[in-house]
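Here it is: the structure, laid out below.
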Amino acid sequence: MTRLGRLLSYSAAIALIGGTAFAEDVIIGLATGQTGGLAPFDQPSLAGFKMAIDEINAKGGLGGKYMVTLDIKDTRSDTGATVQAAQELVAEGVKVLITPCDADPSIAAGQISQSAQIPTLTFCGTTPTITDAVGDYMFGTYPADNGQAALLAEHAISKGYKSAYILKSPDSAYTLRLPEYFAEVFTAKGGTIAGEGTYGLGQQDFAAEVTKIAALDPQPDVIMTAAYEPDFPAFLKALRGAGVMAPVLGSDGIDSPTTTGLGEIANGIVHTTAGFPADGTPLGDFYKRFTEATGAAPETVYVATGYEIPYILDAAVTAAGTMDGPALRDALANLEGVQVLTGKVTYKGTNRMPSRDITLVEIQNGARTPILTATPDPASVPAP
Amino acid sequence: MMDIILQQVLNAISLGGIYALLALGLAVVFSIVGLINFAHGELMTVAGYVLFLGVLFALPLPFAVLLAIGAAALAAVLTERLAFRPMRKADATSLLLTSFAVSAILRVLFQNGISARPKPVPLPSALSGTVNLGPVHLGAVPLASIVVTVLSLVTLNLFLKRTTMGQAMRAAAEDFQVLRLMGIKANRVIAVAFGLSGALAGISAVLWVAQRGSVDPLMGFIPVLKAFVAAVIGGLGSLPGAVAGGFVLGISEVLFQAFLPEAALPFRDAFVLSVVIAILIWRPEGLIPAKTARRS
Amino acid sequence: MLTVTDLSVRYGQIEALRGLGLSVTKGSVTVLLGSNGAGKSSTLNAITGLAQPRGRIEFEGVRIDGVAPEDIVRKGIALCPEGRRVFPSLSVAENLHLGGAVHARGEALAARVEAELARFPILRERFHQKAGLLSGGEQQMLAIARALMSAPRLLLLDEPSLGLAPKVVDQVFDLILSLRDQGITILLVEQNAERALEIADRGYVLQSGEMVLSGTGKELAESDLIRQAYLAG
């Protein structure tokens, strides 16, 4: 159907139903980057999201009574196009808006839905300031940067590391702030920062930087970074090539087959992830179901975190009994202990970045092993 | 301290070499058809995916590498045949826009046809090793970069000097009309130029992927940008210029990364670009300008 | 040998040549005269395929209008373009090689190079130098030699004496005569009307894209038009 045709039929449907109380059709709008720089994150998130919506519709809809139609707009990973898509979706009367896995377009789109009182969730935006930058209709869904950093720092302290080197890039909030949050928690718990390095996103050449690390005396006990590919593998290769053997801590950005594909030099890396699909866990079962349904295993955990969002919404709609903006917002903000694939999700008492389980995995011989799944202690999570 | 300086100089040469190969790829085509082919990065991506498949199907590495380079060359010739040849008579702006379009189409094809997620290209661990030259460590990949760059430059130079097609390409860069008067087919020279440019993209892609360990649909963007800057520094369309520009860019990137104070490091690229601007003020035509006798 | 009938050339809105007719007899020197912009170079461009003409061009009884420049030279026509246009950063040797590359290979090509070096001894001395470093006269010799590398039956020369010292101009005109004596037909475009007509078997005069006068070299040299326009003073 053309966009115009779809709009007309929606308006017709809305006119017919006229706000009566029986089973309703609602639209959820998605303004996400299905092509361009965010596609690696937004594409898998959408795949999971759609699967969950289909399941929920088959069971009678959100809260048992709202049948969901999706209006999916590709923003080409462009913030301007995201704003435009959000405006169109809001004008169309969507009940919920989903925004990309990135802070800037999410904040820009959120400001539009905020004034229209439409609850808005970011796919896997991790920057903890997203929600406060927009307002009370904006919700995160994914483990936030400060939570990941707190868990990594606790792990570093428990391993007895005394000094850490952090590598950060000012090019994105994720690559800059996550290591800084780590440093904050690590020093608060008695560690020291032996040095800091900087790189440019996509720079890929780390020879100069690792030469400086190799020259540090004494050598740091551990090296922490939120670099992801292509930078992380290039950094690690250069680091080990320069003879630096200190253990490396990373964030969920390296939860990718590329990291395990690095072979021996990846041994001992510990990094955070939203969840690990072990056999017999809900996440493991989901991976099997997804594989059966689509013929291909999920390439990343974003498929699962995308899948969880409709179920989080379902819990909120059930609690609110309606999909009206203010009521749904309040219901979401008061959710507590919602069981999803990767653990429990809580919004109550947070700034709408959820408090939720995060998993630490260790890489050995090309495979990951989960070593800890925990919700970071709110007392040690740094303020955004 | 001495060994650190020596180490950084080697680092700089290694990166400069890759940039030189990238810039050469752009310059070969520009010198002949006046097109800055921004789809050059996507040719690298093609090579990357073929390398990925080669490793996936456990082909012997040298074979997979040759296949990847060949695929990039073939892709370059195909884009010329399908997209650029019909635009042959168009002005420079239309050609440039065509190259943006080719680049965008290829990226979407990769994202929707292969995967938006990076594909791992695990290389043998021997390639992650280190070679110790006295006090200096050199990773296998940077070392390979230096060796491959030197070999490529020597081979390219021999091709351009010793073969009729090579001479014809140099002549085409200076005066294409007169070359056609000599009976040398324009289409063949242009096709060979694209093929050569694709092969250079393939070679740099192999080095690039060896460094990053994965291939993804957008991986060509940054290299083509570096190549463009390097080619402009060197003098657009000049092959020796492209090599010089590549080395200047690579060396200044590494040296600023190595020796800028910590507080200034986030502004490294600004420093690098200041060098670029300074060079262009000093020599607006680039370090080694192209000699073109283009007439109407 | 070459017959041009009702030839017109347009560059966008500009009509550079209108309804030209001319013929070149085998073994002759034919001269095309006219001021700048009269359509001389357009005529040569049309013959060599660099410009897209309307009209009819026949060479040795075969139509060649609309044929690509790469193929014209294979049929036996070579152009030595205006301004010499040697490849400046290529050596003399490379310039010569490219001139003959599609016509001969290996030893045959080497033999052709040798023949041109015998014709132009100065090029032997400069053999490995870049063409751009040669003097104007030497570049003109190279440009002619490069055109001859394809062993043409018809040689088109576009303003070969332009910008050369008088002594070198003499050499160029002597050369044209000796090429004719070796059986190469010549179509010569010149501004130096006096010298050109001395050696011309036949001449044509172009003005603003149209042919205004034709005749033998002698007739033209004596015509009022030529005397006023070109030979005055």
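Labels for the chains are A, B and C, by order of writing; each one numbers its residues from 1.
As a working rule, a residue touches a chain if its C-beta (ideal position, glycine included) is under 8 Å from a C-beta of that chain, and two chains touch if they have at least 3 such contacts.
These numbers were taken from a predicted model, which means no experiment stands behind them.
Top-ranked chain pair, ordered by C-beta pairs in contact, is A-B. Chain centre most remote from that of chain B: C (centre = mean of CA atoms). The geometric centre of chain A is 73 Å away from that of chain C, both derived from CA atoms. Taking each chain's centre as the average of its CA atoms, chain B and chain C sit 41 Å apart. For the pair chain A and chain B, the distance between mean C-alpha positions equals 35 Å.
Those residues of chain B that touch chain C in the shared complex are 164, 167-168, 170-171, 174-175, 177-186, 291, 293, 295. Interface of chain C with chain B (complex): residues 48, 50, 68-74, 78-79, 81, 85, 87-90, 94-95, 97-99, 101-103, 132, 146, 150.
Residue ranges of chain A in contact with chain B, taken from their complex: 35-37, 39-40, 43-44, 170, 196-198, 200, 202-205, 207-209, 211-212, 214-215, 229-231, 233-234, 237-238, 240-243, 256-258, 260-265, 299-300.
Chain B contributes residues 4, 7-8, 11-12, 14-15, 107-108, 111-112, 115-122, 124-125, 128-130, 137-142, 208, 211-214, 216-219, 221-222, 253-255, 257-258, 262, 265-266, 268-269 to its touches with chain A in the complex.
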